[in-house]
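Take a look at the structure set out below.
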Amino acid sequence: MAENGARPIRLGMVGGGTGAFIGYVHRIAARLDGDFQLVAGALSSRPEVAKESGKNLGLAEDRIYTSYEEMARAEAARPDGIEAVAIVTPNHMHVGPAKAFLEAGIHVICDKPLSNTLEDARALASVKPAKGAKFLLTHNYTGYPLMRQARELVKSGALGTIRVVQAEYPQDWLAEEAGEDNKQAAWRTDPARSGAGGAIGDIGTHAYNLARFVTGLKTEAVSADLTAFVPGRRVDDNVHIMLRFEGGARGMLWASQVAVGNENGLQLRVYGDKGGIEWRQDNPNQMWFTEFGKPKQLLTRGGAISGSAASAMNVRIPSGHPEGYLEAFATLYSQFAAVIRGEGADYEALLPTMADGVEGMQFIAASIKSSEADSKWVKLSDV
Amino acid sequence: MAENGARPIRLGMVGGGTGAFIGYVHRIAARLDGDFQLVAGALSSRPEVAKESGKNLGLAEDRIYTSYEEMARAEAARPDGIEAVAIVTPNHMHVGPAKAFLEAGIHVICDKPLSNTLEDARALASVKPAKGAKFLLTHNYTGYPLMRQARELVKSGALGTIRVVQAEYPQDWLAEEAGEDNKQAAWRTDPARSGAGGAIGDIGTHAYNLARFVTGLKTEAVSADLTAFVPGRRVDDNVHIMLRFEGGARGMLWASQVAVGNENGLQLRVYGDKGGIEWRQDNPNQMWFTEFGKPKQLLTRGGAISGSAASAMNVRIPSGHPEGYLEAFATLYSQFAAVIRGEGADYEALLPTMADGVEGMQFIAASIKSSEADSKWVKLSDV
Amino acid sequence: MAENGARPIRLGMVGGGTGAFIGYVHRIAARLDGDFQLVAGALSSRPEVAKESGKNLGLAEDRIYTSYEEMARAEAARPDGIEAVAIVTPNHMHVGPAKAFLEAGIHVICDKPLSNTLEDARALASVKPAKGAKFLLTHNYTGYPLMRQARELVKSGALGTIRVVQAEYPQDWLAEEAGEDNKQAAWRTDPARSGAGGAIGDIGTHAYNLARFVTGLKTEAVSADLTAFVPGRRVDDNVHIMLRFEGGARGMLWASQVAVGNENGLQLRVYGDKGGIEWRQDNPNQMWFTEFGKPKQLLTRGGAISGSAASAMNVRIPSGHPEGYLEAFATLYSQFAAVIRGEGADYEALLPTMADGVEGMQFIAASIKSSEADSKWVKLSDV
Amino acid sequence: MAENGARPIRLGMVGGGTGAFIGYVHRIAARLDGDFQLVAGALSSRPEVAKESGKNLGLAEDRIYTSYEEMARAEAARPDGIEAVAIVTPNHMHVGPAKAFLEAGIHVICDKPLSNTLEDARALASVKPAKGAKFLLTHNYTGYPLMRQARELVKSGALGTIRVVQAEYPQDWLAEEAGEDNKQAAWRTDPARSGAGGAIGDIGTHAYNLARFVTGLKTEAVSADLTAFVPGRRVDDNVHIMLRFEGGARGMLWASQVAVGNENGLQLRVYGDKGGIEWRQDNPNQMWFTEFGKPKQLLTRGGAISGSAASAMNVRIPSGHPEGYLEAFATLYSQFAAVIRGEGADYEALLPTMADGVEGMQFIAASIKSSEADSKWVKLSDV
């Protein structure tokens, strides 16, 4: 990766001040392969936090901003200005910065979901980026090497025609009411900041996106039953969805923040008429692959049958040495860096795009609409 | 179990001739604890098979029957006649024999589902058994010690108020078209013999019954999407169902006969506001139990925290020595023997009943109705 | 199995009175396939326990004995006398009854280890059985279908030349001092009743026998370090042994009764120059099989690649429905029944013999000798 | 970690040119938390590789060296010279550079094992570092959060008095002869470059060090049986060792490079009289913890019961999001950075030292001596 003599890309960040979870993850992801160098930030909407955070991250004083608009303007004007920006604010604060930087000709790396409303997402998608600025949506689970191998297996026909897709993402951290002092919980359960969806936006979209990434199936319609179990909660914390895909495949998606005993139980199972795969994020270095009538095989990251040259590129260390969440995240960053440098042709089809972001919002909107209509099937094309 | 000096109960069998799977299982279950002795049978509708099979099982010649009606009549008349009968025919042949033996005052052990139509099930339920004849439906998975412990955990309040129930039963043995020479596959995919449901009747009812057994929740309504994936198949081979329970709990049930890589992946997960449990049949001697905010605990059959005296009675050998499917099945038989002998007060609440059988048929009927109505929610009380 | 029209074999039992663990297991094993009928017993050395136990098991009064010598004499004289006897007493009480019944021409099924001293074992081996009476040693773990498949895989050359054998059997039930009221613990930790070995005799021999059964390797020498960790314990409760096999393979064996967190963690791993297998008793229906350079495969009992006709005979129910400890035990009984009836040629090579029993005692004696000599290598041929 | 405003430490590297595995790992570890910046290197003994590699890593031309002696001299003389150096050469090339940089007052991060002979290790240990230069040995597995929690559990007395330690590290990548073109295999199987030990030095020391790190037990003696299975191999590829610890605990260590089906199966199991722990590197985010008489608990990295403040510092992201090998490695780097900055008092006891390195060499030497003396017990203090 960034050990090929290329100069690190100058990176800025919006959001991600002290105490933020996902901003910290993005910074590690940006550093891990050496492809980026953080040089500017509008790290918080609270000026003192922005300043303190910027200082801690070693930013020059004149590149610690308190408004993203100002940052976009100023950095675009500098000869050594940032080439890319990571947007790691709560959902409702994605679209504004994304638009500003794209229009300033700065590449955008944006956390998911794309926005908190479908309208906003579509508005963003219609923005014309200046100077060919590119966009990456960090659906980070698609960066796991075995999920990429799964996608290749599907494409290769090893599973045959896909029939059934079971996706789930159970957690339990919101099983009880969380106080406003729990910063992560607070904004995720506030419709104003997270959007109308709770679990569906926070984790349901991850499971959905991963299922789409691996299978390549197009979704026709959803039938959803969204529930808020914790008393007083204003957004869903449990999501049951049936899925119909074009061509006849069927699926189920379960996401929950109240499934006691689950930390981040993201799981994907895909079955075709010739084979099946099963994968869980809590041990992402292993994936089951079964050809009908033969014993189950345990594929390992980088192990025997490790897929094409393209998937091999995603592997840093030999099989048997576990990689995890941060490496998968870093792979998106590094491959986006390659794309920015014009060396990423092989990766471009693998990286989550603006269109994926809009579809994620369609998925959320259609699911909410279905749930409100007593689980009537709602077409994604109808929202 | 039958090591308490009690005389073994004289047992007959309807169905289960040579080559039958479930009849063989019932016989092992009947023998394992020594509580039953097989002495009569109408083992096949084909006389020569009935005779050959009876001979192989060591039945006296005059107790090998070729019609169950005759068997019921003759055995009821003998002073040493059978006290109980096991009905192990295909689904459409359950109700006739069950009625005949109950009316003859002979206890009935009947394989599931109860019948192939809800009407038949209700008709059977209205039969007045002679001489207090009792009825057992062999939803064998309820015989697993840890499923009984799960039920106790729920009852004890250890899980709090149940919120989410995830039940599934994936298999793959019908992933391709099966010829008529595959006897097991043939009748299960023939609506005339299995009923209108395919996977839903064969395995979906097992998952459903187990969820009901463990949680005690009453089902309000189902929203189902049933599919036949294998070309030409006349019954469903994949079942996606959303569940609503009285009191607000929500659930999902997935049953499939085309999920390549799954042999008998029955799995139950139950989450309440205080705790959760997770169990898989392929390693039935272990169950996860999590109290919110604490580490997951691995409960083992007969191990530490093994539940009440009642659940202890289900354990034959010390923890760490795996028991399996046959032992769970045998537990139903042995405890039914105790009930027959008037010593089974503790067990009676645990054994699946005629009412469970009728409800299973309601579940099937409601699911099919919902699926035909584009997954509209259908109340169980409306079928 | 016993569903082929054959008359059940008349069985007696020595030991196994009320409260005994292994006698109860033997009775289930004898019943499960219907090949035996228990008709006589000397179930305890305490007359009142013998009588009470016999009554509970439904034995005729005149066939409840209080001495095994009397039982051997009387049963041999009856026209309907027992054809086989199960010896399920503590270790020091195996040889006496075994000799008596073999000399009375009655087939013997004997629990392991064969005796409590190597001398006794050799004496027993030199007995000339009357009327061709046969002998079965119940090293029950060899009855697991996947262990038989493992043996076939080794024989077939699928693993190549065996290099490394790792066998272990950790438990924790004796991690603390057990009172004399714990009947199972009491005799197992008393050298007078269990022999000089503790864990090595009780569970180490099982692991050893299984390794020998699967690999077919002949043991050259052992280097052992035996320890008694619990204060006051007079026999070993932890066993570390290095193994050298003829031909150059190497192995390790660990058995422990103080490994907190282990119930019956019997595990066998065998590695050759072409492949490897790994199996654990706590989920005996699965076995890993890896061909060098290919992904690990999960073989299942009765699943794809389920071995030869011979191993298929060991499977009662389809793959995915777990069988366990009792079924493996019952398989030894049923196949010994076939041998007794003269129909068991295919099984004879699979069933543990008197010679296995003597070798097990050599293994114990050599290990104790090595441990006493500061872990010096001791040849099995030198004890 | 490096997000506290601290300036990154200037780092050099010896070894680790293009194609090297462990050098690449060290660089990722150095970058991941932002605590180091690579600015100089003697990356290969072949000048053209050194230059090409340095260029690819973005080093200034005048800081690409072709000899470590020159690099030590030149960098020590520069005002902006490196503050620390990572030594990632084959084993026989550790001591020379380590001595040079320590004597130049530059902190040393050295890959394990410390050297290829015990004599060399002792010589290095006697070096007087200039200007308080510190030393870190990268026994990276000690950086796994759960291994640190295990160490705390032992210290806290939760396991009671330790009785049994089972450590193992099976691999299979050297199951067949590897050609000289396999760079990793070539030097590891060449006694001149790897030292007299093969598997024992490459992976056995890791397992040994981890056992020592977690238990704190002091080793008394070893009884070893080292084998070279692959024809023509000049160093061991399979290692069986029995361990005796001061105070009476016993252990076993198995390391193998020929165990087909194992990628990097490092496993540690520790049992005391009150509790036990079990951990495997292939899923390092989980650890079993059992208190005697209670169910097994599955501890997770950062999950409930996640240990003291000290161990909490090792966790970057919430439980349920897997971290892996690179994060554990990076933790050693980051905490060494804190030590260098004088802020690492809490970490200093956790980081592997020169003394650990010497002891690792003693372990290797004693094991080889024991194996050559037919597995006689050899005290570590006697080599």
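Each chain gets a letter, A, B, C and D, in the order it is written, and its residues are counted from 1.
Quick note on the criterion: a contact is a pair of C-beta atoms (placed from the backbone, for glycine too) under 8 Å apart; a residue touches a chain by one contact, two chains touch by 3 or more.
All values derive from a computational prediction rather than experimental measurement.
C-beta contact counts were set side by side for A-B and B-D; A-B has more. Fitting chain B to chain C on CA positions gives a rotation angle of 180°, reported to the nearest 5.
Once the centre of each chain is set as its mean CA position, chain A and chain D turn out to be 34 Å apart. Chain B has its Cα centroid 43 Å from the Cα centroid of chain A.
Mean C-alpha position of chain B lies 55 Å from that of chain D.
Annotation for chain C: residues touching 2 or more other chains are 262, 289, 296, 300, 303. With chains as nodes and touching pairs as edges, the resulting graph is complete, every pair of chains being joined.
Chain A makes touch with chain C in their complex at residues 289, 293-300, 303-305. Per the touch definition, chain B reaches chain A in the complex via residues 159, 163-164, 166, 172, 175-176, 223, 225, 227, 229, 238, 240, 242, 244, 248, 250-252, 254, 256, 258-262, 269, 271-278, 288-292, 296, 374-377.
By the touch rule above, chain D contacts chain A in their complex via residues 3-5, 7-8, 21, 24-25, 27-28, 31-34, 55-58, 171, 173, 262-265, 281-286, 300, 303, 316-327.
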